[in-house]
Structures are given as structure tokens and as C-alpha cells.
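The following pair of complexes shares a single chain, subunit A, combined with subunit B in the former and subunit C in the latter.
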Partner chain A sequence: MDEIQKSLLEKIADIHEVPEGAYNIRSNGQLEGRNTTANIDIVTKKDEPGIDIIIKPGTKNESVHIPVILSESGLKDMVYNDFYIGEGADVTIVAGCGIHNCGVDTSEHDGIHTFYIGKNAKVKYIEKHYGEGDGAGERILNPTTIVHIEDGGYMEMETTQIKGVDSTVRDTKADLADGATLVIKEKIMTHGRQTAETNFTVELNGVDSSANVISRSVAKGESKQVFNSNICGNNQCYGHTECDAILMDNGHVKAVPSLEANNLDASLVHEAAIGKIAGDQLIKLMTLGLTEAQAEEQIINGFMK
Partner chain B sequence: MLELQNIGYAVEEGNTRKEILKNISLKIDDRFVAITGPNGGGKSTLAKIIAGINKPTSGKILLDGEDITDLSVTERANKGISFAFQQPVRFKGLTVRDLITLAKGEKISVAEACSYLSEVGLCAKDYINREVNASLSGGELKRIEIAMIIARGTKLSLFDEPEAGIDLWSFNNLIKVFEGMHEKINGSILIISHQERILNIADKIIVISDGQVAAQGTKQEVLPKLLASSEACETLMNKLV
Partner chain C sequence: MDEIQKSLLEKIADIHEVPEGAYNIRSNGQLEGRNTTANIDIVTKKDEPGIDIIIKPGTKNESVHIPVILSESGLKDMVYNDFYIGEGADVTIVAGCGIHNCGVDTSEHDGIHTFYIGKNAKVKYIEKHYGEGDGAGERILNPTTIVHIEDGGYMEMETTQIKGVDSTVRDTKADLADGATLVIKEKIMTHGRQTAETNFTVELNGVDSSANVISRSVAKGESKQVFNSNICGNNQCYGHTECDAILMDNGHVKAVPSLEANNLDASLVHEAAIGKIAGDQLIKLMTLGLTEAQAEEQIINGFMK
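After this line comes the complex of A and B, so read on.
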């Protein structure tokens, strides 16, 4: 692995050489390294590009890293990764994609991740997207995440796209059985002429299932963002969706939260707020001795933390 | 020392010009100065003019003899002016520790940050990592606002109605904070307040009414006049007569 690839790996997965536990590193469309453990198996798919990650029931406190890095300009990479999380397991999965494009051609990675979360299993899924490189070639990331959570299962999904991705369409679909819980925390910052679209569809099918979808975003420059969130309550359940966006320069944000209740005992809430940084926040920090630019930076950093 | 020379502030409302402050001249060199007076009299506007948030339409502001009239909010903050807002600002994502650190202007230890919170009567370990968002009550925000001013420890600290939005019980504790500050702070405190107990600990009281200095002096000189002229007393007097 060269220095560019190593640096990308650090940005998206906070790892330097090889991670602890199970991992699968994909670099420029090729397998770069893999490790399995007694409880976590990783198998290359035969009929399509991608891997199956199989976690045995009852696996506790283990982690899986599956970073993808692209440093060749003009590469279009597409993978299907399926995660099978056994009953009662408690694991952390770190995915992420970093693109370094200093060429003129478009580099693109589309990952389709499907999670099958067993009864009472608990998953923390962390995904970071990052792009860099001074070439004219675009950096495109289109992740699709499909989540099926069985009775009593729990998934917390933290997705972050802070820098350098020119265009992204993120689709997330989930269905939840009895007592299952889904928490999604999304952070997006766009600048320049970037575009980002995120679409969430959550089906709360089970009794006492619950979902909380929270998006925080900052749109700078001429960038454009669209946030679509749809929560369907098909049983006695609780759903909450929140979109909070800060506009800067000529940023553009459209938030379309929607709720659909198909059961008398469904309780659903949506909130959306879009606006520039409040003037009194800037002034408060300026009375502490910060310049306007420093105050702005602190407010944005805190907001995206 | 802060000196205001002939400060005027006017705003345009439609076609009419409204004078909020008229020719205010003041010297503030005592340790603890209270500004009081009826609502709408221009007190908060005056505080904002001192902090640099509003620019006066006429007059000059001097800090230790230096003309700071044209300096920005940031420049004045760095010259030693601190300002506690009447309505503290909420920040999504920034924690109490972040704000105390920014106020101090340098990296500080958790213990040090906690000491400022303890001074305003907050149990530090419960607050240090809390976000300064809507989950904090008005009284808690007020205390954090005051802790930031203590952390800065500048030569002039402005407080705009620290009692506003605080219940009577919390206010009793807050009074102790100001009594303590009176002893400890290195510099002058300028506090806008309607509370008699705050006025009682002031070295000097300034009454601002209808955009002008209506009276100034020690509490012995000012308080009796203030009470006699207040509307409530007038009504009472009329009833007695």
C-alpha cells in the first residue's frame, strides 16, 4: 500500500496499518488484505462483487473493519456486502470509503450493504466518506444500506461525509420487527458545487419497535443538499426524524420529512430546521475575543461533532 | 476606567427618528456599579454600545483613556471587556467545557473549568460535558454565562439583568455569587439590575430613564429618591393622602 492509500485509510477508518480483529480492505477494486476470527467470517461472493460477513450468534465485543479506498482516477467500483449478525451478538462494524482523485476522470464507489440483524443482536455501524485530490475528475459515492432487524435487535448507524465528495446519493431502507430499535445519526458537510441527497425509509412493523433518524448538515459555497425521510408506523411503535441544517454562502438545502401512521398506536414525530448561523451565537463568541471567522468555525465544528 | 462621552443612539422607524440614548456621559471607575431604571429606558442598549454590538450615532467611548468607539466586538473583548447577555445563547453541539475554554482563551484542565462552575453554584461534574442546548434551564444558562465572565477575568465585566428569567430561590444563591465577585474580581463590574439586593451591594448606582442619566451616586444618595419617585409608591402615596 502506498502513502496515499495509507492516508485515506487513516481518514476513513482511523487505522494506520492493519486493524485489530476481523477486517477486509479493498483497494482500487482489489482485495488488499483480510483477517477473520473464530467468530467472524468473511467470504468473497461468487456471483457478484462483494463479501459476506458472517458473525456467529453470541459474539461479544468484537469489531469488523471493511474500508474501501480508491486512488486510481477513472475507476468505477461497485460492491454488494451482506452482513449476517447472529442472535445475541454485540459488535461494531466500521465501513467507509476514501477516494483520492488527482486525474481528470470520474472515480466512483457504489456500495450496497445489507444487514440481517438477528434476535436481540446489537450492532454499531460507523461509516465515513471522504474525498481528496486536486484533479478535475469527480469523486462520487452512492451508498445503499438495507437493514432488517429481528425481534429485540438494535442498530446504531453513524454516517459522516465531511469533505471532498462531489456527488452522493445515500439510500437507507430499514424494517423493524417487535421491540427492534434503529438509531441513525447522519452528518454531512458539502462545499463548492457538491450535491448530496439522502433518502431514508423506515418501516416500523413490530410491536414497540422504534426509530430515531437524526441528520445534521452544513451546506457551504454553491452546494445543494436534499434530505428525504419517511417513517411508516405499521404497529404500536415510536418514530422520530429530525433534520437540522446550517446554510452558508449560497448553500441550498431541501428537507422533506414525512410520516405515515397505519396504526392507531403509532406515535410519530418529525422536526426540521434550516437556517444560517444565528447572529447572537456569533456575537456571543466574539465577546469572548474570537473573530467572526473563528466564531463560525467553532459553531460549525460543535454542530458537526 | 470606562468613560462615555456624550453618547447618543438613534434608530429610524419608518420616517421617524427615535432617540434611544441622549447625550450620556459617565465615568465608571468604581469596583461595582449598578445601572437601574424603568424598562425601555435604554439600559440594555447602553450595555450593547459598550460591548461594541451597537455603534453609537454620536459620542465617544474611552477605555483607560484609549478611544475604542470604532473598535469591533472582538477587539473590545481582547482589550478587556466582557459581556453577559440578558438572554444567554444556546449552541447545538458546543459543551459547557467548550464555552468555558473559549472564554478563558486557552486550553484549561477539567479541574480548572470545574472551579469556575463551582463558583456559580453548579455541580461541575454534572455540567462540564453537557451541551449548551435547550436541555439546560434558563437559570442554568445564566450561571454558565456568569462562569464564562469569571473565567475571562477581564478589567470590565458587564452583566445585563442577571436576575431576568431566574426564579426567586435561585436568585438568592446568585446574589451570593455577586457578593463574592465584588470581593474577588480584578477590575470593574457594571451590572444592569432592578433587584434591590444587587443595588445594595453596589458602590455606585446610575439611574437611566428615557435615554438619559436621571441620577447617579451612592446608594444612600440614589435609592431614597428612586423609591419615592417610582410609580408604585406614587399610587400608594395618593391613596394615603
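After this line comes the complex of A and C, so read on.
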């Protein structure tokens, strides 16, 4: 790997050389490195591009890193990754994609990730997206995440789009069985002429299933964001969505959070707020000696942390 | 007017015989009575069914009642009513429709109301919908309200669907100029196999324009409700929507409140909550000697008040 590839890897997966535990590193459409463990197997798919990640029942405190990096301009990469999380396992999965595009052609990575989370299994899934490079070529990332959680299963999904992604459509669909829990924390920052669309659909099918979707975003420059979420309460369940967006410059944000109660015992709550940074917050920090730009930066960092 | 018509009139407009001030009473598609005043004129449209209500600039503390009642089964009534509210006027307008359907055919009233609210004018608009009758014929009400508010104008809209309306699609569209304010308070109760759909679109175009949309609903029986709202902040403005729904029996509620910020100085907030009556609220009232049904009724009445 060259320095650009190493730097991308650090940005999206917080790793320097090779990670501990199981991993699969994909670079410019090719397998760059793979490691499996006694409990975690990674198998290349035969019928389509992508991998199967198979985690044995009861696997505890292990992690899988599956970063994807693109440093060639004009590459369109698409993968189907399936995750089979065995009953009672407790694992951390780190995915993410970094694109360095110095050329004039569009670089695009579309990943379709499907999770089959077994009974009482617990997954923490971290996904970071990042783009860089001063070429005119666009950097496009379209992640699709499909989550099936069995009885008592738990998934926490932390997705972050740091910067530099010109266009993204992020689709997430989940269905939850009895006692299953899904927590989604999304952070998006857009600038320039970027566009970002997020679509969440969560079906709360099981008794005592619950979902908590928290989205925080900042729209700078001329960027445009759309946030759609749809929580369907089909049983005795609890759903909560929260969407906070900060506007800067000429940023546009549209939030369409839908709640659908199809059962008497469904309890669904939503909050949303869109606006610019409050003037008094800025003034307070500026009286402490910060410039306006520094004060703004500090507020944004706190908001996105 | 017969007793049924008089009773409907009381339910939707709180009036016994003829109201004070200007009025226009429409019964079974025909003009039943009209009164104009020095400041308020009512003119029958020539090109389509409906009336023009013309209120002189500066008119204060006057009211207009324009109830519509249908007691013949199988009647389909459609009217276009336009309201011209002069600069600086301050008036109350009471509309509403009551349907008594004892027959087997569908009775339907569709009213398209358009408001032109002049500079600094203030309007309180009250609209009640009610259906009754033990026939198999459906009672359908589809009100459309279009509101244009000029600089500094104010409109408060209180719409209530009491009971007995089998199917309703309620469309409200508004655009607001500088300093204009719109307050919407909607209350809907559905039961049986009723369906109710509400669509609000508010364009906050003017500097310091503001909108506050508050929807409270109760879905009983097998009834289905959909609440769509779209607040567009196109200038320095403030928008707030709030949607609370109580589920009973097998009631279904879908809430899709969209916020769209197209200006840095737009501030938009939304809250929604859907769920059944909290068990501890019921128990508290039952310890005071109420039956469960009485306790439920008291909570619902308080919620819808």
C-alpha cells in the first residue's frame, strides 16, 4: 500500500497497518489482505462480488475490520457483504470507505451490507465514509444496510460521513423480532455542492422490540441534505427518532420523519429541529477570546461528537 | 328548517336560529338564508357554485357564519368560497358542515375555501365537521383551505372533526409574507372504519413569518388516520409542528411531518408522539371511583379540549 492508501485506511478505520483480529481490506476493487480467526470466517462470494462474514455462536469480544479504499480515479466498485452473527455472540464490526480522487472521472463505491443477527447476539457496527483529492472527479458513496434481528438481538450502528463525499444515498432497512433492539447514530457533514440523502425504514415486528434513531447533521456551503425515516410499530414496541440539523451558509436540509402506529401498544415519539447556531452561543465563546470561525468550529465539533 | 337541520346547525356552528352579524346558510345545496352588514358583503358566484365574502378594511369585532348542512341522502355538494379580508380588519369566521344521512347513498360535501388576508388583518377561522344518521350511506367531507397572508397578517384556524365522518381528506395550503403568522389547531376523532387524511403545506416566504401547527387526534375502532405536514422555511422565519395521537382499540395512525429549511435563518422544530393512554393515568382516575370507560372518556375529553 502507498501512503495515500494508508492515510485513507487510518481515516476510515482508525488503523495504521493491519488491524487486530479478523479483517478484509479491499483496495481499488481487489483484495489487499485478509485474516480470519477461530471464531470468525471470511469467505469470498462465488456468484457476485463481496464476502460472507460468518461469526460463530457465542463469540465474545472479537472484532472484524472490512475497510474499502479507492485511490484510482474513475473506478466504480460494488460489493455485497453478508454478515451472519451467531446466537449469543458479542462483536464489533468496523466497515467504511475512503475515496481519494485526484482525477477527472467519478469514483464510486456502493456497498450492500446485510446482517443476520442471531438470538441474543450483540453487534456494534461502525461505518465511516470519507472522500479527498483535488481532482474534478466526483466521489460517490451509496451504502445500503439491511438488518434482520432475531429475538433478543441488539445492534448499535454508528455511521459517520466525515467529509469529501460529493453524493450519497444511504438506505437502511431493519426488521426486529421479539425483544430486539436497534440503535442508529448517524452523523453527516456536507459542504460545497454536496448532496446527501438518508432513508431509514425500521419495522418493529416483535413484542418489546425497540428502535432509537439519532441523526445529527451539518449542512455548509450550497449543500443539500434529505433525511427520511419511517418507524413502523407493528407490535407492543417503542420507537424514537431524533433529527437535529445545523444550517450554515446556504445549506439546505429537509427532514421527513414518519411514524406509523399499527398496533395499540406501539409507542412512537419523534423530535426534529433545524436551524443555525444560536447567536448567544457564538458570542459566549467569542468573549472567551475565540474568533467567530473558531467559535463555530468548536460548537460544530461538540454537536457532531 | 326542520328539527334535524336545526340540530345539525347547532352542532357545527353553535347557533340555534339565525346567527348575529353576517351569515350564509346553505342547506341541501340551496341557499337557506343570508344576511350582510355594512362592512361584510356576501355575493353569490356567477361562474361556479359558492360565494365571495368581502370584508372591508378596518372592520373590527364582526363575525361571519357560513354553515352548510346536508340532510338528504345521496347529495353531492361542492362549493368554492373566497374570503377577501381587508387591510387591518379583525374578524371571526365560522364555517362547518353537518351531514345527516339516514339513507343508503353517499352524502358528500367538498368545500374549497380560499382566504386573501390583507396587511395586518386578523382572522379567527373556526370549522367544524360532523356526521350522523343511521343509514348505510357514507358521509364524506373533503375540505380544502388555501390561505394567502400579506405582510403582518394573522390567521388562527381551528378545525374540528367531532364524529360521524366516514371519509375525509383535508388539504390546507398557506403562504405567508413578511411578519405574517399562521396558527392551526386541528382536532380529529375517528371511529368504526373511518379514514381521515390531513395534508398541510405551509410556505414561510416572508421575513419573520411564523407558523404553528398543532394536531391532536384520537383513532378508535378500526379507523385509520394519516397526518402529512410540510413546513418550508424560505426566509428568516419560525415554524413549529406538533402532532399527538392517541390510539384506542385497533386504530392506526401515520404521521409524516416534513420540515424543509431553505434559508440559513429558518428555524424549524417538530415533535410527534403516538401511543395509547398511559396505564397509570387510567388507574389514577379509577382510584377516584371512575370505571375504566369513564376514565378513558375523561382523558380523551381533556386531550381534545
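Some points to look at:
Here is the rule we go by: the second predicted complex is superposed on the first by the 305 of 305 C-alpha atoms of A that agree within 3 Å, B and C clash if a C-alpha of one lies under 4 Å from a C-alpha of the other, contacts with A are read in each partner's own complex, and residues count from 1 in each chain.
Rule of thumb we're sticking to: a contact is a pair of C-beta atoms (placed from the backbone, for glycine too) under 8 Å apart; a residue touches a chain by one contact, two chains touch by 3 or more.
Owing to the predicted nature of the structure, the values given are computational and were not obtained by experimental measurement.
When both complexes are overlaid on chain A, the residue A:F303 reaches subunit B alone and has no touch with subunit C.
Shared-chain residue A:T287: touches subunit B; no touch with subunit C.
Using the contact criterion defined above for the overlaid structures, shared-chain residue A:N61 touches neither subunit B nor subunit C, since it reaches no partner. Of the two partner chains placed by superposition, only subunit C is touched by A:A272; subunit B is not.
Of the two partner chains placed around the shared chain by superposition, neither subunit B nor subunit C is touched by A:Q30. After overlaying the two complexes on the shared chain, residue contacts for A:N262 are found with subunit C alone; subunit B is out of touch. Legend: residue contacts after superposition of the two complexes on their common chain; A:N250 is shown touching subunit C, with no touch to subunit B. Here subunit B and subunit C are compared by how many residues of subunit A each touches, and C touches more. The intersection of subunit A residues touching subunit B with those touching subunit C, taken from the two complexes, is empty.
Within the complex formed with subunit A, the subunit C residues making contact are 233, 245, 247-276. Those residues of subunit B that touch subunit A in the shared complex are 51, 53, 72-74, 77-78, 81-83, 85, 87-89, 91-95, 98-99, 102-103, 105, 148, 152.
Note for the complex: subunit A touches subunit B at residues 216, 244, 278, 280-281, 283-292, 298-299, 301-305.
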